[in-house]
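The following block contains the structure, expressed as structure tokens.
Per-chain residue numbering starts at 1, and chain names A, B, C, D and E are given in the order in which the chains are listed.
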Amino acid sequence: MYSFLRLSVLLVGLVVSAGSYAVKAAQPLTTADDLGPNVEQPFEFPHDRHAGDAADGGMEINCMYCHTYARRSIVAGIPPVQKCVGCHQNIESVREAPRIKKLFEYWDAKKAIPWKKVHDLPDFVRFNHERHIQRFVFAQGKPVQEACGYCHGDVKKMTVARRQKPLSMGWCRSCHMKDHRIDATSTKTSQGPNDCWQCHK
Amino acid sequence: MIENGFNRRNFLKVLGWGGATVALSGCGNTSVEDGREFVTSYAETADYIIPSIGTYFNSTCAQCDAGCGIMGRVREGRVLKLEGNPESPINNGKMCGLGQAGVQAHYNPDRIREPLLRNGDRGEAITWEKALELINEKVGSVNPENVAFLTGVVSGHVKALLNNYLDALGSGHHYVYEAVAPSVVRASNKKAYGVEMPRLSMDKAKVIVSFGADFLGAWVSPVHFSQQYARFRKPDNGERGVLVQVESKMTLTGANADRWLAIRPGTEGILALGLINSLAAAGLPVSEDVAAAVGEYTSDRVSKDTGVSAEHIAKLAALLKERSPSLVIAGSAAEGYAHGSQNAAAIALLNQVLGNVGQTVEAPSSVPFPQMAPSTGNSFALQSLSDDMAQDKVKVLFSYGANPVFTAPAFFKLKENLKKVPFKVVFAHYMDETAVEADLVLPLNSAMEDWATLMPEYIAEGAQLNIRQPLMEKMYPGTLGVGDILLAMLKQRRPDEYNDYEDFYSYLRSAMVSNKDALGGADKDDDTFWETALSHGVVKLVGEPVNMTGSMSAAALVVPAPFAEDATYPLHLIPAVSASMRDGRNANEPWLQESPDPLTTIVWDSWVEMHPKTAAKLGIVEGDIVEVASKSGAIKAQAYLFPGIHPDVVSVPLGYGHEAMGRYAKGVGSNAFSILDPVFDNETGELAMHETRVKVTKAGQRVIIVKDEGPAGGSQMGRRIALRIPSNKVNLSEEV
Amino acid sequence: MEKDIREDIAWAQINKDVLKSLESPRRIYWVILLIAIAMVGVAVGCEIYQYQTGMGVANKNNSHVWSLYIATFIFWIGMSHSGTLLSAILHLMHADWRKPIYRFAEAMTTFSLMTAGLFVMVHLGRLWQVYYVMPYPNERWAWPNFQSPLVWDMFAIATYLSSSVLFLYVGMIPDLAICRDNIHAGWRKKLYTIMSLGWEGTDRQWRNFRMTYLTIACFLIPLAVSVHSIVASDFAMSNMPGWHVTSFPPYFVAGALYSGCAAIITLFIILRYVFRFEEYMTLPIMRKLVRLTFAIAMVWTYLNLIEFASVWYGHDQTAKDQLIFKATGPYAPYFWAMIFFGSILPLMLAFKRFQTHLPILFVVSILLNVGMWLERWMIISPSFAHGHYPWAWDHDQWPSLIQWGMVFGSFGWFTLLFMVFCKVFPSVSMYEVKEMVYHRSLAQKHKPAVKGDY
Amino acid sequence: MSITNLLENWSDFRHQHPSEDRPHLEYKWAMSIDLDSCTGCNACSVACYAENNLPVVGKEKFAHGHSHHWMRIERYWDNDGREFADQGAQFLPMLCQHCESAPCETVCPVGATNHTADGLNSQVYNRCVGSRYCNANCPYKVRYFNWYDYPTTDNVWPAPMEQQLNPDVTVRGKGVMEKCTFCVQRLTVAKSDARTEGRLVLDGEVQTACQQVCPTGAITFGNLVDPLAKVGKQWMQQQVDLNKDKQAKDAAEDAVKLRGYRILEELRTYPSVMYLEQLRESAI
Amino acid sequence: MSTRHLLALFNDFDEAVAAIADLRAANIKGFHIDDLILKSPIEHPEVEQVLGDKPVNVQWFTLVGATMGGLLAFILVSAAQGNFFAQLKGGKPIIPLPPNFILTYEMFILGGVFITILGFLICAGLPAKRSPLYSAKVSEDQIGILVQGDESAVAAFKAIFTKHKALEIQEEAAK
């Protein structure tokens, strides 16, 4: 006689499961990776050779040696060809490698290399590299590669950089909502700014 | 700040441009886009170039002749915004709207991009080599006496080059033309004080009486005067200066006056003399000849003649006597009549009687390099040129920095006269009315791409040489700076002297560096001097104050009686010079078209201002299209009723009514220059701009005026919005 | 005393008469339908143009940002209230005469709500982002602003619409069963079979049905009142002169009932003619309806006067200016037209001879609604044209043809939905008419009802 | 979402923002405009066009009231029936007042306009759906709606005019509301620079575009919290209290008045822009 | 023993009521009065006199639904406001009560209505397949009485139905 209850149970179950899915969907993808597309660059820049661990044959160059604007500008910047050449004109061993030859072609023509953006936020977003570097590298004393890696992923293991994190708004917020120590020693914490105009232009 | 020319140009390249600003179009892509755009990068860079942080370069504004220093914000090789250069004593980091719109001249889509040679009705693009060859050929084939240059105000090294070119040719025909310039006042100042443009220390004055000088809007150096005005209104001691404006049509300055006195047009001189009379009567010591000259200007008579009430004359006289020093300024309203010189002289006399000369009317500095001092222009120059052309005395005409076909009144018949000139070369930014008439059009660099030095006519302290330098790479390879063109032309005439200079930049640098001792760089090496000069944007010069006299005689001073009524043309036309439109040379900059006229709030059109009383008499309501007809022509425009105008007067703004020039200027409004009557100042021969008599009739149509003001007009409807309080009710000295 | 309905109609006849409306209306039905579709086409065209070009084509401006869309939105929201009045309030009051007419009134509620909802959408500058208004869990952790009366609107209208649809549907189940039992083929058969949920009219079903119907009716009354009060709060909660009025919520509710009743009269006449419902939609019922309308018109008039009086005797000069502007400014013709149609014209309804004169009622009821539409417009536009800030006043704003086209099309949209509904579903409640007939015949026999509420 | 957060911070969430007992801690951006210095020259308005990528809409759209001038100069006459406006005009630069209790904020259905911790009234273009309720509720009518899609409209930024656009400010597409931001792009940079140096922004370190150009220096802008800031001193001296709808000084019947006031203060919007009354000499 | 179903149709409601009263009084073996189902075109609350009081439980669903709706709305709205802390509104607290109460009120009604409908479906046993013993006449103008009883009771049923002028008696074995 109460066979009709099956439908009600089904309905209730549907509502409950939809609800729980929705709640789950509301959780931002805090740490999940979201691999971006492979970006075709003028030539392959081997991040792993430059920044990788010594054990893996890398030279452990500080990210900010080349991306020098990161600590004083909202963009991290691409080094001028000048900088590449500054080192490479003294490194005879790889002088004839095809990539280096290409580099010197640009240098001789005094042309900037048309690198494509790999981490390209929408134009209405104001992401400030300087603030993040100041906070995490200089104030908290985090290793540079770790601090950069929060958003850029494990670049030292890549050749051509590729986006690893979603860089979506919820993803940004998930970190802004965490308590971060205000400096290396203090136990005081604070959160990232939360008003819209901090990030939206 | 700037290392060297090579590097600098490199940095000014447009880089990283690609959708950097476009967001939210359509559905607004909010997701991350990888690999679509290029990163800003350089082959070489300097330390001060940091991506996404603006770099500031100092230069000089080219929007009017005041010579304000500007500071261009440059990012990724693009100049984004112009700020005032804080180091320039003229504008101290401030700007007017007109100046800021300079970027719109630079990025204007209607700029000419390559030299054009007339082929029938059309312009044909040619190369610079061909253009210069053509000039060489044409100039070479005529008598040097038949070569003429028509320019706007020129100064600095461009002027030097121009003079050298004329010198090389052996022609002395350089006509300096300014459509709206205080030339009568200059002449009368010269007479009264011995200098054309004395320094006006408004901040020292306690009372300013301005006879139609719109020094806050469009007169001489408005940004500078505005700053002085601020100090005049709110000096440190809290004694607020009083501004009284006497004019027939309210200017922006008049709108800021404590008392705006509507005066019958042309009677400014009478009022000035009447004030002297009243002052003398109140016990101010005046010399005998002065007393004699003003004897008949009793308060009653003056009041009757000028329409200013005796009460106000008395109050003003009392104020002037009580609060000293004061400053009396003669502006366009006073000078724009056939007796403009007399008016100006009467006003100068008032200054003298009040003892302002040497107090608030001060001596300017002499200019160490007279060959670079500005040649100020006037309308007489155009008249002589026009006459010369009519008599076939001009075979080759160069025009630079002026648009005479637009600004000359119709009676000049300039267009017809121009037709008589076989070869006309116009240096132009836009295809304006004059360029359209040219045989050869040479496209100029914008002020943001050009090298130049400039010396403004009015400098607040000492003397200075302004530097104009490129703020970014040239937009179009086909344009050249005026200096480059002149240099190339000089190379044709004096190759030995000038062939060493690759371009105008190298000429300029070497000219500056070789004179560095006089330019305050005696203790610096060449590069340091040059870089310092560029980074400051101004070079301060040491000048001696020139001698000024303050003892003009009143003996010869006669001011004519007020105008007689004219039954056919009952109204006076005042062509208004607005702060943003001026003589119309910037009409193609949309910010200026869209920023409302301060007094009427009208945009994108001309209008006929008239007093509500006059309008009622003529049966005109706001928005009626009316015809303003003078003996020399007629224009149509929308009527705007305005409580700041004498009932005998209608006013039409200048600068509108372009028939060419570009998409933003063409067809907007009507050209008030065209209907001016051929009346000239008795002494200087300047066009008397305010002498035109007109009649106003309804043309039948009615439009809704496009303006910012709503249907409430200027009324606050009893709500507390913009408040006003008598100045004796507050204590300014306590304010922060 | 005239009879609301003849008690000797055979029940089978009722079924037959009503079911006939599903099959063969007069030809005029198709004419109306075609006109409605054409009107919708106009609105769709306007919306496509507006969507692609921008809101500017509607000719609003920076001080006059709302116009006909919002006015018409309120109008349709208001219209929806009469369905609730008839089906819920009169149900609780045991007014038997509602029975033949409440079904279409309720359909009217639903469809005018749907029309109103569209106006919120066409009003938005970025229609494609409309879902931002809804609270849904999202990756950005962004929520709508729950303080905004527009969000309350969204909640209230969503609640009202879903509740009304359910109410309409639940009340229709027994009738759907009748349809199922009498139509033997085609998609209709399937539709009715599914929608009637296997209704058999058992005592258990009826028992629960009665309780459910009563409960929802109880909910709907406060809901309807809250919906229009919330719509009124869009205005009353703001600080605009002319909007910031305490009496707005009841004023809106009264206006809503008023325009709804007028619309019921209009549709009553149309349905009666188109579907030949003369037996059911009888003149005595019309008389009751008209009297009700008259009463509400007077309530509305009173509240209108209250509003004027409170502004008049208040200290708020800005609001006073606004009222004077309304009555004397460029909007004066519409303002006085609203007063005439809203307060003067309904006085006619007090006369007995007009109360059943269908042609006159048809015209008058439409004019009443014109008045009520003008009322909404007179709330919106004059306030914008003459607000707090004189510099931004704007007395020349006239809505563009795009706006008018959309308003015009909305009537087509409503008519289309309504007409399709009447063709697909029984627009007269058969089982309740039977109840009505049954109770009348019982009363006829002087036999007291055994028990129960009827 | 976390219910615990809700329960733990309930009293915090119930606190009115901002209020007497919870004032701004680091920054409260505010302005004062001296109407006696303002000459109505429009330079500020043009500066705003240049800084904030405002579209020039052209005559026809201006006629329809679609203009975008975040900073507009109003001109009032006060000639009381006299023949001439012989005391001149009253110019009033009108911009978003960044009200502390802004009527626009509460009504936005999607929360596109909010109050920032610095006391700014923010407008987030991405979030805006274009209901225009904020404008309807703004007593000053200083919000401007994108009635058309200006980035794609001819003659707004025809090439190469678009190169002038400021990359720090979004170009708004159709259907979003916009308004004066107090040049938040400049404030953000200044705050970031100061923060790198471990201090607060100093007075005068950051200027709004309108303030920067104003030839007479009529506009003062700064941090009201900073005791050294000129704007704060002005507010203090003029006895204008941010969170009041009636100033105590207005009741006083002194011979010497203070001329600071805020427009439509009685609506309890608590504007962040103080105006100083225009003065007129009575001796003439 | 197999169970049999019988449906009798009556023209007159009073006759049907009388038939039920007879059935109740007859005390037929293998038949319980609760197994009797009355089918009618309109509602007849009067039958409860003969059928006995049957409980209606829809209102409990309503209570639960409305309470849950309101409570959930308040918590969700407040929690959203509390956690979306970028949304400061000048002059207002982060969690303002009056707006939240309005939303609570709306959701109270929405919850009430929805769960009432759910309750109705559950209590009325809908949706269900129609029983094989159904006549379209029931939805028109006739009253049906469906009884369920042992085979042995069928004869007694029929007798009573016929006595009360049943128009038609349908019979079918239960599955």
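The rule is simple: a contact is a pair of C-beta atoms (placed from the backbone, for glycine too) under 8 Å apart; a residue touches a chain by one contact, two chains touch by 3 or more.
Just so we're clear, the structure is a prediction, and the values are computed from it rather than from any experiment.
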| item | value |
| --- | --- |
| Both-way neighbours, i.e. chains that touch chain E and touch chain C | A, D |
| Centroid-based (C-alpha) most distant chain relative to chain C | B |
| Dominant interface by contact count, named by its two chains | B-D |
| Innermost chain, taking as reference the mean of every protein Cα atom displayed | D |
| Most distant chain from chain D, judged by the mean position of its C-alpha atoms | E |
| CA centroid of chain D to CA centroid of chain E, Å | 63 |
| Interchain centroid distance [CA atoms averaged], chain A/chain E, Å | 61 |
| Mean-CA-position distance for chain B and chain A (Å) | 53 |
| Residues within chain E bordering two or more other chains | 80-81, 83-84, 86-89, 92, 121, 125-128 |
| Contacts with 2+ other chains: residues of chain C | 63, 129, 141-143, 145, 147-148, 151, 388-389, 391-392, 394 |
| Two or more partner chains touched - positions in chain D | 1, 67, 74, 106, 111, 114, 116-117, 125-127, 149, 169-170, 176, 264 |
| Each pair of chains that touches, named by its two labels | A-B, A-C, A-D, A-E, B-C, B-D, C-D, C-E, D-E |
| Chain A-facing residues of chain D, complex | 1, 114, 116-118, 120, 122, 124-127, 168-170, 181, 184-185, 188, 192, 195-196 |
| Chain B-facing residues of chain D, complex | 34-37, 39-43, 45-47, 49-51, 53, 56-59, 62-63, 67, 69, 72-79, 83-92, 125-126, 149, 151-152, 155, 158-167, 169-173, 176, 209, 212-218, 230, 233-234, 237-238, 255-259, 261, 263-264, 275-284 |
| Contacting residues of chain A [partner chain D, same complex] | 26, 72, 74, 123-124, 126, 128, 130-131, 134, 193, 195-198, 200-201 |
| Interfacial residue positions of chain B with respect to chain D in the complex | 14, 17, 20-26, 28, 30, 52, 75-76, 78-84, 91, 93-98, 100-101, 103-104, 107-109, 216-217, 222-223, 226-227, 229-230, 233-234, 240, 242, 244-245, 250, 252-262, 312, 315-316, 318-319, 475, 579-580, 590-596, 598-599, 601, 603-605, 611, 613, 643-644, 663-664, 668, 704, 706, 708-709, 713-716, 719-732, 734-736 |
| Chain E - residues contacting chain D, complex | 75, 78-84, 86-95 |
